[in-house]
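Letters A, B, C and D name the chains as they come in the text, with residue numbers starting at 1 for each one.
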């Protein structure tokens, strides 16, 4: 049984709390949050104890921590938890600053326990199935990968302000997805962004609509389309063109019900947002982490995967500003590209 | 070049006129209709001559007639045209009365030119593709065939009155389709009907909603669902369950356009009615007839196919009335079951 | 917290055990099975105690029992559990014999706690969505309901022998579904069956392929198609034609992945069988039962619903043998037709 | 009746010949081709006369010419035909060289008869439906348009050599489509290309896989994905994200037939190539031209539309080489943006 301390009792912390509690080999022991009340409520609901971060890091019975705090604390907490001998699952991103993430990478290089970054979408059953088919050679060599990743509605401006911008906050998931599917990291990045939805986003120097093209060493390309607003729901799709065909993964719908009447034929909308759409992904990611922590299974999403995605985000941010294709600064050497979970 | 006389210048006659004119090996020479004006208008539009039935039957240059007149004249005209040495394509049904149809079959037994019944749906490219796949063994032995055949809206009561009832008028297409797909004729028929749409239809002793089950000699069954009203369009689908899988043919839609918004996801409706849905079928059926008339190709839909469908319709009408399973009176021996066109 | 005793530790008992354990308001306290070892294993896996039926019925701390034993014990156990003052959720069917089921109904008429029959499919999120849309009037009055219910492969002959036949064992789910959707019980039943898959099934007097038509008092019809074998997976679909349109619920697929290559376009198959397809349904059904047992919420599937479905199964069995339309013996008055859960 | 001279009797000339002949208001009078034999064969098949270009331009009875010759002759022939007082429909592109196209524009500025460029895809019924829905405001302001345009297989190298490159030859259709849908011309273009399919294409300095991003004045973007090889067929799709939803137009399939078996579920592939996929588009484009030539209807695709698409192609070619975003040289002022045909 893996005893787990949860750092962060917000919306995403609550998702993790339920998955930790539901997994037969893990137990949620303690929860800490800067908001004590939030920690207390979640602790009550899950049968865990509310405490503080130091206590969690010092307790010998807690073997793993899940970091779901605000982004600016991630790198510090990863380092502290590794120093305390814990296995770590940390929400993305490692940090908004690539240099800080690289220092974190150096700092934990000798970690004796698994450190995993929470790119949960790799664990979506549909995307996973697509990855298996691609690795099995179903379409031969990949040539043109397309990711659609639209949120249903923009986040509050207060969130946008500290998000690091669309590329570091939102597209970073897609950068990881593209590298994972391709089994490689890109050399160069082109990107275009626009502020079409909310002028306030633009006034912060950010964009709400973007197209990024990743250029991989073998010439293959990945096109990533992002929008902060798709009013019909959370649009999350993949298409992968290869020399022998096309693999695609469609949205997961609210239901299979259709309604045909004199005016139209209606069908289900995509599940509204990530909590519904990626419910299975979070649970599968947790199971993968437990297997790594308890059974020595390989870490499926390494810290270096996190650094890699951040390096791409940095290049994309620059490329969108300059209109020029930008090389990716950091060469990734140790990506956790495993397809199975 | 096959010179053709068209008998009947109504809605369906106009469809045939265009197909006759468009085919590179046939020419529309003359048109007759009890309504002279209708014949004249269609003749003007197609470059043909308006005349009368006798003239068409007597003219030596006219090698084929297409019979698209009212049902009660079909059997007489088939016999007269065969006697006049013409190749004949006649709209379904041969007659509303099975005895009359059987007499027609006897009368034309020695016909030296092709006689074809216009079950055009066999020539629909989608259903044809399904037939080819079934005959190729894609699902092994067929076990349970399902036909959905809903009209968008009921016909005028004046039409219902002379239609012979839902089973002889509407379901007869499906009876032919089922036998063609199965490659066999049923031994027994069960049927259930209800008047749910328009009480006037019920007051004529007819039904507007029906379920028919055909029992084939090898135990396989076909379920046919009919409704006079599907407000979303002309619903024409097939599903065929066999020992090794399922073949299905979906509706042909108005367009491939979808629209997702905050409320719903809309997609195209089925094409509204038979003129749009079966436009290709009519043209393909005509091409098949021309090949039979000019090149000696086999007749794909024989008069006996027409008798067979009518015999099933008679049994179904009886079965719906009695609630009992009814044997099919007439054993079909010479069905034109060819799949290719 | 609802403390629950589970009777029956077989395949379906294990599904229930997990749902009982996972529900925040219920606890799996004790498990009994004629096979002690099976009870012990499941108890160990779920943290419950293995014991015997009498003990479960006598224990004061156990407020509810879930009956997942063999069919021939259902009626006795329902009566015993009600007599012991327990809330009861019993798997379908109540019994293979309608008379026995009716006696059970009389025996428990005065039960002071909820008695629910496990027609779990009503709790499938897709079918539930369809029911809500229908009740909201989306297609107006229902005219022709179609249920497709194909198993992926036939059960062992040993099971078929004690199953009561396809109509009582398999189609009974669909009979309940049809009545629930229609909000009514049928007056008459027509049915056709054939043995096309395994001659041994036929030698037992049973069928493996069937079509049933239910005739409702207002003239509406339901067509139910059953097959014991659809090699592509568990085919579970609904189509409901009404005066203002068509509602349909499609299969739930293994994944949303598609693969297009030079030969074909592949997409996901239906989930293989009921454990995968109806995983959510079982959990939702349990939640509904807990709400009834703890909070006095209405029982969504009453014992009378179970009697009603059995009466239809009996009529269908007879109709398939005689080829005649058969009246349904038992008039249902107290069906639990609620749509919400 | 519009008497038409056809210049060019190749594959696409034959398509036009059939449409000219089939239209009730146009007649194919004469055909010229540098290959006399080809002209003769097509003339025989269509009942036209084989002659030479000069003859066609001089004949008074010929009111319109359709130019389907090799690209390098287009501009000269447009100018000559306009000078001869003909209405002109010319295949795309006007020329591979933007300067030449601009000179042509100046030369024919005073043309008294319609001059139309053959961007036939605007006349595809599905894309047309999407355009109507967009113009009707179904998704509000357009933000991110995506075009997928993959050929099933690369053309012969001999063709690639004279094609002007992927952007001028293939993507030019999509550039026109994007401008038509947006109702505007882009200010700047980013593009990325790779040679992934055939190294010979690369050795000619061309690419076979490309991603282009068009930047419109209001900030909206269009992403165009091109590949010379999609082994599953001709992949031609549109998605248009706007403030109030998403409009999409899917591929047109070979048939609606599906096949589910123990291994997979198969469905129809996209129609293989443009002759099948855009058969209706060519006919509709011709009908639109006839309406302009005979009835004074507006020209739906102007020469300036052709210049505009070429200017974008030039910018895209440059952008793909430099990796920089490139301004579009020529500002389009007089685009023929009409949606109806």
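By our rule, a residue touches a chain if its C-beta (ideal position, glycine included) is under 8 Å from a C-beta of that chain, and two chains touch if they have at least 3 such contacts.
It should be emphasised that the depicted structure is a prediction, and the values quoted were computed from it without experimental measurement.
Trainee: Going by the touch criterion at the top, tell me which pair is linked by more C-beta contacts: A-D or A-B.
Mentor: A-D
Trainee: Centre-to-centre on C-alpha atoms, which chain is most distant from chain C?
Mentor: D
Trainee: Using mean C-alpha positions as chain centres, tell me how far chain A is from chain D in Å, no decimals.
Mentor: Distance between chain centres: 41 Å.
Trainee: Starting from the mean Cα coordinates of chain A and chain B, work out the distance between those two points in Å.
Mentor: Chain centres of chain A and chain B, defined by C-alpha means, are spaced 57 Å apart.
Trainee: Which residue numbers or ranges of chain A touch two or more of the other chains?
Mentor: 230-232, 244-246, 260-262 - these are the residues of chain A that touch more than one other chain.
Trainee: For a test of understanding, state which residues of chain C touch chain D in their complex under the given definition.
Mentor: Against chain D, chain C makes touches at 230-233, 260-262, 264-269.
Trainee: Touching chain D in the complex: which residues of chain B?
Mentor: The contact residues of chain B facing chain D are 22, 125-126, 129-130, 133, 138-139, 244-252, 254-262.
Trainee: Okay, in this complex, where on chain D does chain A touch?
Mentor: Residues 141, 143-144, 146, 150, 188, 190, 192, 194-197, 209, 211, 213, 215, 219-221, 223, 225, 227, 229-232, 235, 241, 243-246, 323-325.
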